[in-house]
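For reference, the structure I am asking about is given below.
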Amino acid sequence: MASITASDAAIDHRDVMVCVAASELRDGDVVFVGIGLPSLACNLARAMHAPNLQLIYESGTVGTRPQRIPLSIGDPALVTGALMVAPMADVFQLILQRGHIDVGFLGAAQIDRAGNINTTIVGRYDAPKVRLPGSGGAAEIAAHAKRVIVVTSLDKRAFPERVDFITSPGRRVTRVITDKCIFDRDAGRHELVLSALYAGVSVDEVRAGVGWDLRVAAPLSEVAPPSPSMLTALRRLRKA
Amino acid sequence: MHDAIAAHVHDGDTIAIEGFTHLICFAAAHEIIRQRRRNLTLCRLTPDLVADQMIAAGCVKRLVFSWAGNPGAGSLHAFRRAVEKKERPLEIEEYSHFGMVARFSAGAAGLPFWPLRTYEDTSLPQVNDRIRRVTCPFTGETLAAVPALTPDVTIVHAQRADRAGNAQVWGITGVQKEAAFAAKRVVVVVEELVDEDVIRSDPNRTLIPGMIVNAVVHEPWGAHPSYVQGYYDRDNAFYVEWEEISKDAARLDQYLDEFVFGLRDRHEYVDRLPQLRERLTPEPHRCDGVDYGF
Amino acid sequence: MHDAIAAHVHDGDTIAIEGFTHLICFAAAHEIIRQRRRNLTLCRLTPDLVADQMIAAGCVKRLVFSWAGNPGAGSLHAFRRAVEKKERPLEIEEYSHFGMVARFSAGAAGLPFWPLRTYEDTSLPQVNDRIRRVTCPFTGETLAAVPALTPDVTIVHAQRADRAGNAQVWGITGVQKEAAFAAKRVVVVVEELVDEDVIRSDPNRTLIPGMIVNAVVHEPWGAHPSYVQGYYDRDNAFYVEWEEISKDAARLDQYLDEFVFGLRDRHEYVDRLPQLRERLTPEPHRCDGVDYGF
Amino acid sequence: MASITASDAAIDHRDVMVCVAASELRDGDVVFVGIGLPSLACNLARAMHAPNLQLIYESGTVGTRPQRIPLSIGDPALVTGALMVAPMADVFQLILQRGHIDVGFLGAAQIDRAGNINTTIVGRYDAPKVRLPGSGGAAEIAAHAKRVIVVTSLDKRAFPERVDFITSPGRRVTRVITDKCIFDRDAGRHELVLSALYAGVSVDEVRAGVGWDLRVAAPLSEVAPPSPSMLTALRRLRKA
């Protein structure tokens, strides 16, 4: 991750977030993918450096080739032209629990120092301030994917010392990609560590966005700007 | 539909209306609302708008689920108002998706529990005492376990069935098979009622055999605003619109008055939405058949 | 086939060649015999002639099974001679059908065991200490349990697959899916190698996804004398004839010399049996396709 | 079961056995059926009094309509035109273990006083005199069908006091149909009791064919001869 010049700083950090997420994927990876940014990043990777990426959605669609951007993970466009549609019992047992998923892509309402993810409630479970949707398949993805990558915007409420509720365990989280920086998980210390900054973002700015005494990797990298071809591909996908 | 719901869904029943995004039987839910069923335990992986409507209509005492949202579009606000503001009593019993799949699988298999490798280091077992541990008699390791779920009635929507209820499904099949076999009674709702010979021409497509089915209802467009692969597309515009309807309790009530209580049946519902055919009829995308000869 | 067996089946391996009456891959078994693999643990619900031949050829150290016969036609005499007369060492490990299905299911699901309600008041647990008991953490009742079976390699025959191994099967599917997912390596043998677009045209027919497949072998008639629905009928005459061949050890050896060791591959096997096409080609019985549009 | 006249005694007792077995089935029953005599009896019942009989074979074929008499339970003729082909995991879990089978039809190499069935070995397990095929699905059928009916020829070696090996438990066996008589299982005493004789068969002849001190029901019935139409239907099926 080389440093970048000032002229690149105009690139939208949310675009960088998607491009960084796409770059995490290797050609041939079997990826369990949630809707939204993870889905966009996977399709971007497929258009760029990973044409043989295998996308699996929890609806059971394997090797999808959607002709439109799906609104939900059960969209009919994920079925038409897929390689396989598996019953959900098979998705969770034969594919996830059996260990066939290389990368799991998750979002998070909250993620804490240890990498634990909350998508269930804000506040107390029996008297929540905000009721979120809950686990869906996230608890299984987090437990069984070989690498778990979380994509979410940096925000102090979203990065507490301890989440209000552990929906999905953090033990397999390897990387958290935000719109300002990247955290890697130090598996020895069970802790998210700041590993790279986006252009124009300071360490203090990141510290202000997390609820614990943040450790910073040395040396700290700057995230390379996405290539123009990747940004073009991303914009094309967004329009599709 | 009226008769099937009257006969098979009773106050206080535990019911499953399954379908993962695909094949969610709104027609049955609306009929349950119309018949003012009360104190239901509603079981669904993804409660979806169908649960939001039933909660708002006061049918649901307890929700057993794993993901309660309006995917890609927002929240289930009637559900949230019940849980966050306690505007009406609603018990919740929560799992992950596989936890729900496992509960239906155990029920369908005639087993009292199902083992799974989820929930280690999570908070769910602390708030749900139906998530327990079981010890492997071979390796000695402990796994999670959930109990069988055996609904009084399961309602599944399918592309087609014969009069005996032998039902064929393609596209996303979700947990329909397990939910049906787990139940004491099964209602199958279909887009097309076909001759037995159509079913017999392709027996590998049969997901639910007639021998476990108690009622077959022919109800075209019965899954709208959900979708039926090959028959009609998902009404994403309505899912997005629901965010605004559902946010406002009065507007939600008005929706129910207009589209549920104010209508006699699904036929009138389709008539009230005249652009459905133009907006949602699919481009054909037929596959070839295969040879069953010997 | 030569290369797939050489690469994926090693001396001492635990292997599953599945297929319930339908889709039994004799071509793979013959190649294993030709390559003189030894000390295999062979896992099959119904050992069938394929196991009788492999036992007679000295490939098998241990047989894991649930029904060892020649259905409707007689016995597996090489198997019986080994067990009754101890003519050659053969360990056996025996279950009921569901016990075997459960072992594959556990292996496929990444679980260490599978619970089932069989074996109460039977003698099998007394002769097989891999049939144990597990206690339900909800009801307290005890059930039977069998351990996961995870073969080093599973070989499945299918009607068709693409080059990546996405395999489609219709007719009797038996326990093919579970046996494949349970294995560390998977070899798929097909009657037809098709373009990926054929698979993608009907994704609900895909039983085994390419991501778990290590080798794809295109081997027409590879399941004879078993059958492939829509491609060729079961050679019942040969199954009946096997009773006589298998009864006589010398005649069985002669069969192996002539039809296995004496031939290079399946192509030569089909040439040696010139009436196969006339005798076993099916009457067409095609179903219609379905619509995957949205 | 009325008494029959001497002129009927010429009917082959094996035909009577099949007809009696067929008569056990009620229209609408869901029957789990093995190959051979059980299959023949089921198809006979379907042709006569039980057109809505649902036949399920352990190969997963449901509602079969075979165009030829199948040699094996996995015959392709059981698939073509069936209502459903289920994976075996579903046959054993969702159909059998879930309790959807009304009648299970089994054969037996040995069946004992308590109704326990042996299809595994004659002699000791580790040094068998005869190695039989084993359970297949019989242990599951015997454990889960609501009524288990056994069809087998009467023979002293086949009817011991105790079987050499319990392949399938006898607790759900309700009736044993042989080529000489019918036994019913007295569930209270856990014991097969002679309940009906075929024409021309004596109690002593049956006693000679069983290895225990046989109890005889009072009154003991005689099996009514199959109707001419049933015998005609049976012969037509055999020729098909």
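Just so it is clear, A, B, C and D label the chains in written order, and each chain counts residues from 1 on its own.
Operating definition for what follows: a residue touches a chain if its C-beta (ideal position, glycine included) is under 8 Å from a C-beta of that chain, and two chains touch if they have at least 3 such contacts.
Predicted model, so just to flag it, every value in this text is computed and none were measured.
Looking at subunit A and subunit B, the chains that touch each of them are C.
With centres set at the average Cα position, the gap from subunit C to subunit D is 29 Å.
Work out the mean CA point of subunit A and of subunit D, and you get 59 Å between them. Our note on geometry: subunit A versus subunit C, Cα centroid distance of 41 Å, whole angstroms.
For subunit C, the set of residues that touch two or more other chains comprises 110-111, 116-117, 170-171, 173, 177-178, 201, 204, 227, 229, 233-234, 282, 285, 292-294. Across the assembly, subunit A contributes 61, 75-76, 79-80, 85, 93, 97, 144 as residues in contact with two or more other chains.
Taken as a contact graph, with one node per protein chain and an edge wherever two chains touch, the assembly fits none of the named shapes, being neither a line, a ring, a star nor a complete graph. Chain pairs that touch, as defined above: A-B, A-C, B-C, B-D, C-D. The touching residues of subunit A, counted against subunit B in their complex, run 35-36, 58-61, 70-76, 79-80, 85, 87-89, 92-93, 96-97, 116, 120, 125-126, 128-140, 143-144, 165-171. Within the complex formed with subunit D, the residues of subunit C that make contact are 20-22, 45-46, 65-69, 71-73, 75, 79-80, 83-84, 94-99, 101, 105, 116-124, 127, 170-175, 177-178, 227, 229, 233-234, 236, 239-240, 282, 285. In the complex of the two chains, the subunit C residues touching subunit B come out as 110-113, 115-117, 130, 132-139, 141, 143, 145, 147, 159, 170-171, 173, 201-202, 204-205, 227, 229-231, 233-234, 282-294.
Within the complex formed with subunit B, the residues of subunit D that make contact are 30, 54, 61-63, 65, 75-77, 79-86, 90, 93-94, 97-100, 144.
Taken together, the subunit C residues at the contact with subunit A in this complex read 108-111, 166, 177-178, 181, 196, 199-201, 203-204, 206, 209-212, 292-294.
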